[in-house]
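Chain naming follows the written order as A, B, C and D, and within any one chain the residues start at number 1.
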Amino acid sequence: MTTSLLLIAAVGVPFALLLACIVPAIRERMPPLLALAPIPALAAALFADDTPLVLGNAQYALSFVLDEPGRMLLLVAAILWSAAGAYAATGLRGATHAGGFVVCWLMTLTGCIGVFLAADLVGFYFLLAVLSVGASGLVLQGGTAEALRASAVYLGLALIAEAFLLAGLVLLALATPDGSLLIRDAAAAIPTSPWRDLTLVLLIVGLGMKAGLVPLHFWMPLAYGVAPIPAAAVMSGAVVKASALALIRFLPLDVALPDFGLPLAAIGLFGAFYGVVIGITQSRPKIVLAYSSVSQMGFLVAVIGMGLAAGDAGAARVASFYAAHHLLVKGALFLAAGVVATTGGRQLWLMLLPAAILALGIGGLPLTGGALAKLAVKPVLEDGLVELLAALSAIGTTLLMLHFLRCLAASASPDSAAAAPWGTALPWMLMFVAALVVPWMLYSATGIGTWSDALQPGILWAASWPLLIGAGLALGLWRWGRYLPRAPEGDIVVVSQPAMRVVVRWGDALEGVEGVLRRWPVAGLSLLMLILILGGAMFFDGH
Amino acid sequence: MNTPTLFGLCAVALVGVGLYGLIVNPQPLRKILAFNLIGSGVFLLFGAIARRGAAVGMGGDPVPQALLITGIVVAFSATALAVALVLRLFDEAGSVTLAPDAPAEPPDA
Amino acid sequence: MTLALAVDISLTLLVLAVAGWIIAVRDTFAAMIGFVAYGLLLALVWVRLAAPDVALTEAAIGGGLTGALLIGAAARLRGTEAAARAEYPGALTRTLAAVLAVTVAAALAIGVLALPDPTPTLAPAAAANLATTGVGNPVTAVLLAFRAMDTLLEAIVVLLALLGVWSLAPDRAWGGCPGPRRLVDPDGVLAWLARLLPPIGIVVGLYIFWIGADLPGGKFQGATILAAMWLLVIWAGLADTPPISRTWLRVLLVAGPLVFIVIGFAGSITAGAVLAYPEGHAKPLIVAIEIALMPTLVLTLALLVAGAPQRIPPQ
Amino acid sequence: MPHSLSTPDVTTPGGLLLVLAVLVPFVGVLAGMVLGGRGARRVALATLAAGLAIAIAIADTLVRSGAAVVYLLGGWTPPLGVALRADGLAVIMLLAVAVVIGGIGVYARADFGTPPGVREARAPFVFWTLLLAVWGSLNLVFVSGDLFTLYVALELLTFAGVPLVSLGGQPETLRSALRYLLYALFGSVLYLLGAVLLYGAYGTLDIGLLAARVHPEPVTWAAAALMTVGLLAKTALFPLHLWLPPAHAGAPAAASAVLSGLVIKGSWFLAVRLWLDVFVGVVTLPSAQTLAALGAAAILVGNIVALRQARLKLLIAYSTVAQIGYLFLMFPLAAGLAAAQLDDAAAVNGGLLQAISHATAKAAMFMAAGLVYTTLGHDRIADLRGVARALPMTLVAFALGGASLIGLPPSGGFLAKWLLVSAAITTAQWWWALVMLVGGLLTSAYVFIVVVRALAPAPEGWTPKASVPCYQQVAVLALALCSFLLGLAVLCPVDVAGIGRAVVPGIGSP
């Protein structure tokens, strides 16, 4: 009963706030509430058990459930949404027309929490759509022409992905015995489905697009680059994890499917390096962070892929843990990017140092959550080559993060008296603390390992040497980096502009043909021809 | 070859002639005329079928014959509406072409 | 029999030749004249098909009213002929159209030749139930009893078409008189005809209407003749079309269908079904409906030919 | 030969409601003609309420009895007489049309008022009487069981629809109306030709009796091809859509909503009726595939051309061209399911839902475009700035309607797409699923463009050209919400659409 109430409140409170926005007066007063809207979700993550919540009748019902991956991600996502909400409220103070931002924010929040909790195919699809539309609206809040373009690219990609997903979900539903629409039943039925391969391909492509898998990652730098800081924080942290979580839930990780797992891992690892390579050619902190997200999501997908290849059900837990860590750190670093840009002089180091700890944590800095995350996924990546690649990726990540820190420092306010307002600095500090502490809590609470194991000297050393190599490379980058070619932000989509011109020309041609078809004699001829074709189709088949 | 079949074939030929005229003749009035030709072909076919159904002392099946009267009146109404449209178009535009041109934007309200 | 067949064949050839000429001839006005001739020829065909009711309708409406309508329009559109000819499609389109039209017609011909023999017919069913309707003409029985719904809807179709025609009035002329004002030429042949013909026409029209219950004829044919007489008087300039805002006009226009519907619904109480007639009262009710429909049809048909309102009458 | 409709031997309880559903709107037309002016509007609005009640009563009767509602007119049994028959499909359409017409009626109250000081004005008088006429004709199309009565119904529909197109009276709208009228007449005469052939071969025009009598032979094939193509011309299925886009360019918003949302559904419904209930065993899978191929072409071409339109109304009109395509994808799916001895409900319900959700969404979108036009004085997509501020509710309605066209849950479009995609996969016709998904993407592109342009802030000092009454916005939003929440129909415990339709062993099966 308590669980039901908690789950209802988790999704219902943001949704109710969203509906309340219909009234303009409420909408204008909404910003202070943004920080509180995710609190019910936090409570649910902490106190709800795994009893499902079912709304509807026997023929069709929406169901929600808090499974282990969902709980981990919901917990950290709620923290991030709350902190980012406080940050956003500070930015919106005194702003006229905050309505659009607030509506998109609440819509995205509702979708995000809903997707983390959804237990049936239709509810999942619906909430994912809410999430995508809301998030594209958040990108739009940048208000510039680039924001419009980025938002269009984001929404376009998201909807293409949803088209793949819809096809995949229909296949899932058709293959599930007795018409159950529960994700759990659907995933269990995949290995025996007559359309197993197609289903998996559709799901992986659809979710992979949303997770930013190379080569469909280009929306990330575009979107995060133009979105307001808090929006970029929740999008790179929480929103993108929805698709990772969906991969974890939909793929039958307890059955070894190396034909799918290994390619997935390979694509993921490729993305992990690709993000680094392009990222180090960038100079805006937000863009560097975006490419880091490309890299990290690639690594996460590689973990899931290896789990699928090996039929390792435990991969779900460690992948979720890795995702949870990335969620906290990436969210925190985006906030840091915003805070640093408004800070100068002596204050700066107070803001930069925590950022450095977190950033290097992604590379696996010992004693940080990042080190734990790397340690947790290690068993899944125990294949010889993959293990080596994982280590190389840690080196690359360190390199990229050091580059980020340099860009971050360079982006600081030139005014030495500038200090970020408390309303933004405090959320950032809160996220810093959460990113340090929460992974340790989760690590032991979920039974992935114990603290004492994680603190063994051998393990600490194993985490340290990639850092040192990465640091060495970073020195090299700073010395010779100017010789690197510069990739445009959003690499592929920018490079593919000429292709668009061809598409436009095709559109012209099509419009011309359509115009001809609408001429009276042509339409009349079409009519007669159709009579003959239809009659013929019946005649020849009927004989 | 008996009378109903002969007129049935005649009806079919009328439909063919009308179809050709409806497609190729650009003048709307001639299209209306062609429509009437096709229509009369269809009616004639129905009449031939009615005649084939002559029985119990009736010269033809009365149901199609009754429907024919309805059909002729409906075709006349259609013709009247179409002619009125053509005439109004002529009054407004000074021409009666049907060629689709890029629809101009209506003047700002 | 062979003589009859020869007549039929020559009639067929004549009809087809006129039809082909109507399509092929360059001048639209000439084509319209051809169409009137075509309508009269078709009426002959209907007679040969033992369908005198249809023959009357075809001659009156198909040839007469439609012809008048089209000839009038063609006369007004004389000036657009050259522009229309310039739009004539190229040889490719014409060839394609010809090939397709011939193919469709040929396919249809195969269908016609494959019609079953003996043909299924509803004549026996109609004959068996004719007595209950009390009318002697089976076509009238179909129109007003067996398939009364179609006839009711048809009356509404005509009315809707009239509404459509009226809707084409310029805003300023709404409520005014349809068609252009005709000037009287007291010595003209039209005026002479308009004085001579109507009395005869009215008698003939009413007669055709009246006998329709039992013999070939009926409201549509009768109404057409009456409408034609009225139009003749209007065209001769001896009378004007009524302004469409007149209440009496509106009432008469809807009276026919409304009476039909009222009697129809009364049937659901008195005879157990909508559009059914109580035992023994079928014929009077049918005649009542026909009488109510008559003025409606006369007005509607004539006003359909008269066209959209164009003039506000002097107050 | 299997047939799906039981022969209508008796009038069922509640059958009289069908007669009312058809004749009440026409009585409204007659009364409106006599009362004229403001009376016509009052009569129309009263009739709208009454008609909705009748539709609900019919639905209630149908669900209670679990069988088709039948009325024998005049007590005469087909083939001599004419029967009215409403199965689940018909009743759902009746209800949907009643709701959409109601929404349009409320919206049009503001646009079609008789100006003060005038006893009667042309546009309002014509609009209100013809709105009712369209409605009566549609109801007749849905419930009539006789091919000739259906022919008359189709003509009624055309005669009522054409003046709505030319209501504005500009040369371009007159030209569009003429093109529409001539092409529609072309279509209906072909339909009649087919019906005549059927009578010649089988001696009846009653749908139920024909279903039992038809068998595959040249006459039937010819009739089926003629009738189908005639109906396609009236439905404006690509490439027979020459009349549709221009007809919308200059028509008033409410008229566009009627035309695009409702009128074309009449001939579509009749095509469905013929293919699913009459020509079972005559039409073949390749012919059904032909229809769907045209539908697929419509989806692709319509959507792409829509993307390239500069005016909002034309964009929506081309979107209609595309959406009509979806309506025809159901034919091979239903045929495939039936051929595999499976229940074709998924395909049929999918098509039906698509029709209804399009009717509601498209009516809402056209009316939203009308409000935009009133407010801005134009409807150039590139210049929609300020709409979000002036017409927030309308923009939301447009977006919701768009979401339904795209197929986002929980819209009716989503459920329809889900059902159709399921059917496509079950019958191994994945290419139709692909077309639907691609179509959804293209749709989302133009909906996005419009919404984003409308969200742009207005230039400084900009004021709306005219203000629109709130109830118009509410009517638009209500219709859009109907469409957007239609997917919740899945919660309905009874398969209403299936009532009165036996399971059909299908098209192309031996």
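Basically, contacts are C-beta pairs under 8 Å (C-beta built on N, C-alpha and C of every residue); 3 or more make two chains touch, one makes a residue touch a chain.
This is a predicted model, so every value here is computed, not measured.
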Counting only C-alpha atoms to place each centre, which chain is farthest from subunit B? A
Selected interface, B-C versus A-D, where C-beta contact pairs are more numerous: B-C
Mind checking the centre-to-centre distance between subunit A and subunit D? Centres are C-alpha means, answer in whole Å. 41
Averaged over CA atoms, how far is the centre of subunit B from the centre of subunit C? Could you give it in whole Å? 12
Compute the distance, rounded to whole Å, between the mean C-alpha positions of subunit C and subunit D. 31
Taking each chain's centre as the mean position of its Cα atoms, how many Å separate subunit B from subunit D? 26
Got the subunit C residues that touch at least 2 other chains? 89, 93, 97, 100-101, 104, 107-108, 112, 115, 119-122, 126, 146-147, 150, 154, 157, 160-161, 164, 168
Subunit B residues touching 2+ other chains are 15, 19, 22-24, 26, 32, 45, 49, 52-53, 63, 67, 70, 74, 77-78, 81, 85-86, 88, 97-100
Which residue numbers or ranges of subunit D touch two or more of the other chains? 80, 148, 152, 155, 159, 162, 166, 169, 174, 179, 186, 193, 197, 200, 203, 218, 222, 242, 245
What kind of graph do the touching chains make: line, ring, star, complete, other? complete
Residues on subunit B engaged by subunit A in the complex (per definition of touch): 19, 22-24, 26, 98-100
Of all residues in subunit C, those that touch subunit B in their complex: 4-5, 8-9, 12, 15-16, 19-20, 22-23, 28, 31-32, 35, 38, 42, 45-46, 48-51, 53-54, 57-58, 61-62, 65-66, 69-70, 73-74, 76-77, 80-81, 83-85, 87-89, 93-94, 97-98, 100-102, 104-105, 108-109, 112-113, 115, 117-124, 126-127, 138-143, 146-147, 150-151, 154, 157-158, 160-162, 164-165, 168, 218, 220, 301, 304-305, 307-308
Subunit C-facing residues of subunit A, complex: 521-522, 524-525, 528-529, 531-532, 535
Which of the residues in subunit A end up touching subunit D in this complex? 56-57, 59-60, 97, 100, 122, 125-126, 129, 133, 140, 148, 151-152, 155-156, 159-160, 163-164, 166-167, 170-171, 173-174, 195, 507, 510-511, 513-514, 517-520, 522-524, 526-527, 530-535, 537-542
As the complex stands, subunit A meets subunit B at residues 515, 518-521, 524-525, 528
